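Shared between the two complexes below is subunit A, which has subunit B as its partner in the first and subunit C in the second.
And now, the complex of A and B:
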């Protein structure tokens, strides 16, 4: 980042990528391809309206209501659409349920496909080469680095997202939280648990 | 306490801006998301061998470079326009007194 504002009379000079993005935006706006106001709206949506709380709302409801859960698992897209959580890029979302037998973890080895409507923008580690290249090869090792240790007889299943299909993990709810109400449950559900990189109640 | 970790979708404003430009162009029907994903995925994987993506800057720099080429190949922008506007913005920042809004009208404030 540039610095030393006081020494120069001019405005803080942005970094090259910042200037490049401005140049791209100017060119696209002059060519009539984008509306700068729409960009602000998209950023506001992803900063303030979409985020892991959307996913947590769905998960908490699924834990509390078996019928809702059944519908969610079998009829995912129409259910999510009712909540307004649908993919702006037209992708499908599949819910994968953790059980004592199988633990699910999600990656996008190709790039960084992610269930945006439910979790917002992915964290840095999800986009990193290290995670994308390693989790398929050595999922248990990656999980242990996230602080997740599974029983030996729990299998790990890795789901590789694509532009068309994104996954959301339905974590297991530990018995000690059985009496929690919806709001309390939502607080328990971390973003990482919905990617499969954490367990519920597993503070990292 | 578990879900209190602050959700920070973007670490830098330009990351948000390039993301929004891409989503907006797609929503306006200027390209298919699948096509973008393929090109971006290919760029990320070929990059994998040179420099690893460790932070968001690494990631969005590849995004920016790929989008520029993608839009250039599709004839949506001309490379020379980008170079020109890049220089214009740079000049505008250099010519705008600190504290005043910077825009391309300040290109030649001297």
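And now, the complex of A and C:
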């Protein structure tokens, strides 16, 4: 298939990926095109500052406060901005709610789109060919590989993030946790539950 | 790859899994984000560069290997670094170095993001609950070019669920042909429409689809 990029610069670089990135970083730094300290700062941000706790904070609040939940579902972006949960790969967030009738699960079959400001960098399984190729065709079988079995009368809805809309699942809170306070709820909400690959309290 | 067979079982990771499995994964992510500040390409061009890897390499490369290879291809393809400069870098300041992402600007750049919503005069062609049919999943503007209509939903009948307003159109944006924003919709497809043997015919897949990727069903 003809493409517009004819020159494959990457074939010039060492085949070992670690050396490849090192060579590229060196070339860019020597030409003044990157600042290695800025790279460290980016890594620190995603390693230590932005992660699933952001998403869990929102979900816990939505469970505890019906008014907040209503606002969140209808006026998502201004609310997330107030929390500071905005930025790269989270410019347009849509929250989808699990109910006894519908279970939502999120994927990006074309690449690995994911709501970074709410969940951080996606886990390896989310980026794997196996998940991306299979979850649209056999979501129930995939869910069973995560230890989740849904009743047959619960419809599965798979959200394939093909554009710049990013999806976050609002999981169901089992009755047994209804007296938990905010901090306890945040502990309970796993990253995978906010992708739709786990249920609350269903530790695999 | 949506709907492809043969990829085997999913290996769920523990939630304690490290953000980056290897140190070089983190470097690839960071160098990719940092070079975005040079403003020589956009996200759609970067995605297209990854898709342009020769199929054999695309299949063989790990996730972050695709990223680093695409970045090298863009740097050379756009003439930012010559093959020589890539291999034996000189210490000469590049003319784009004034755009280099500085440590002081990292937080700002990451928290600002790059919204793709745009205002347009045209009203949406489709309404919620309307039945639509997608066209072929190929770029109409650039032969062999980038598109965001997945193959597994091409020429399928679905229902409009959400209107998102107008967003930058990847098929042109990836090829320097402008943003050409058009209305974007979430469209639901019944599993029975997409697959010969669905697990449950009433399950659905929702896909975000630009207006020109589809037509109203009654026009077919």
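Just so it is clear, the second predicted complex is superposed on the first by the 184 of 204 C-alpha atoms of A that agree within 3 Å, B and C clash if a C-alpha of one lies under 4 Å from a C-alpha of the other, contacts with A are read in each partner's own complex, and residues count from 1 in each chain.
The criterion applied here is as follows: contacts are C-beta pairs under 8 Å (C-beta built on N, C-alpha and C of every residue); 3 or more make two chains touch, one makes a residue touch a chain.
Worth saying up front: this structure is predicted, and the values here are computed from it rather than measured.
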item: First (subunit B), second (subunit C), both or neither touched by A:68; value: neither
item: Touching partner for A:12 - first (subunit B), second (subunit C), both, neither; value: both
item: First (subunit B), second (subunit C), both or neither touched by A:201; value: first
item: First (subunit B), second (subunit C), both or neither touched by A:145; value: second
item: Touched partner set for A:159, first subunit B, second subunit C, both or neither; value: second
item: Partner chain in contact with A:32 - subunit B first, subunit C second, else both or neither; value: second
item: Chain touching more of subunit A, residue-wise (subunit B, subunit C); value: C
item: Which of subunit B and subunit C A:20 touches, first, second, both or neither; value: both
item: Partner chain in contact with A:186 - subunit B first, subunit C second, else both or neither; value: first
item: Subunit B versus subunit C as contact partner of A:94, first or second or both or neither; value: second
item: Shared contact residues on subunit A - subunit B and subunit C; value: 5, 8-10, 12-13, 17-18, 20-28, 30-31, 33-35, 38-40, 42-43, 46-47, 51-52, 88-91, 110-112, 120-121, 124, 127-130, 133, 162-164, 190-191
item: For the subunit C and subunit A complex, residues of the former touching the latter; value: 1-5, 7-13, 15, 17, 19-22, 24, 26-31, 33-35, 38, 47-50, 52-54, 62-65, 68-77, 80-81, 83, 85-87, 89-94, 96-97, 100-103, 105-107, 109-117, 142-145, 148-150, 152, 162, 164, 167-168, 170, 175, 184, 186, 188, 194-195, 198-200, 202-210
item: Complex interface listing, subunit A residues touching subunit B; value: 5, 8-15, 17-28, 30-31, 33-35, 38-40, 42-43, 46-47, 51-53, 56, 88-91, 110-113, 120-121, 124, 127-130, 133, 162-164, 186-191, 200-201, 203
item: Residue ranges of subunit A touching subunit C (in the complex, touch as defined); value: 1-10, 12-13, 17-18, 20-28, 30-35, 37-43, 45-47, 51-52, 84, 86-92, 94, 107, 109-112, 117, 120-121, 123-125, 127-134, 136-142, 145-146, 152, 155-165, 190-192, 197, 204
item: Subunit B residues touching subunit A - in the complex, by the definition given at the top; value: 1-5, 7, 9-14, 16-21, 23-28, 30, 33-34, 37-38, 40-41, 44-45, 48, 52-57, 59-61, 64, 67-68, 71, 76-78, 81-86, 88-90, 93-100, 102, 104
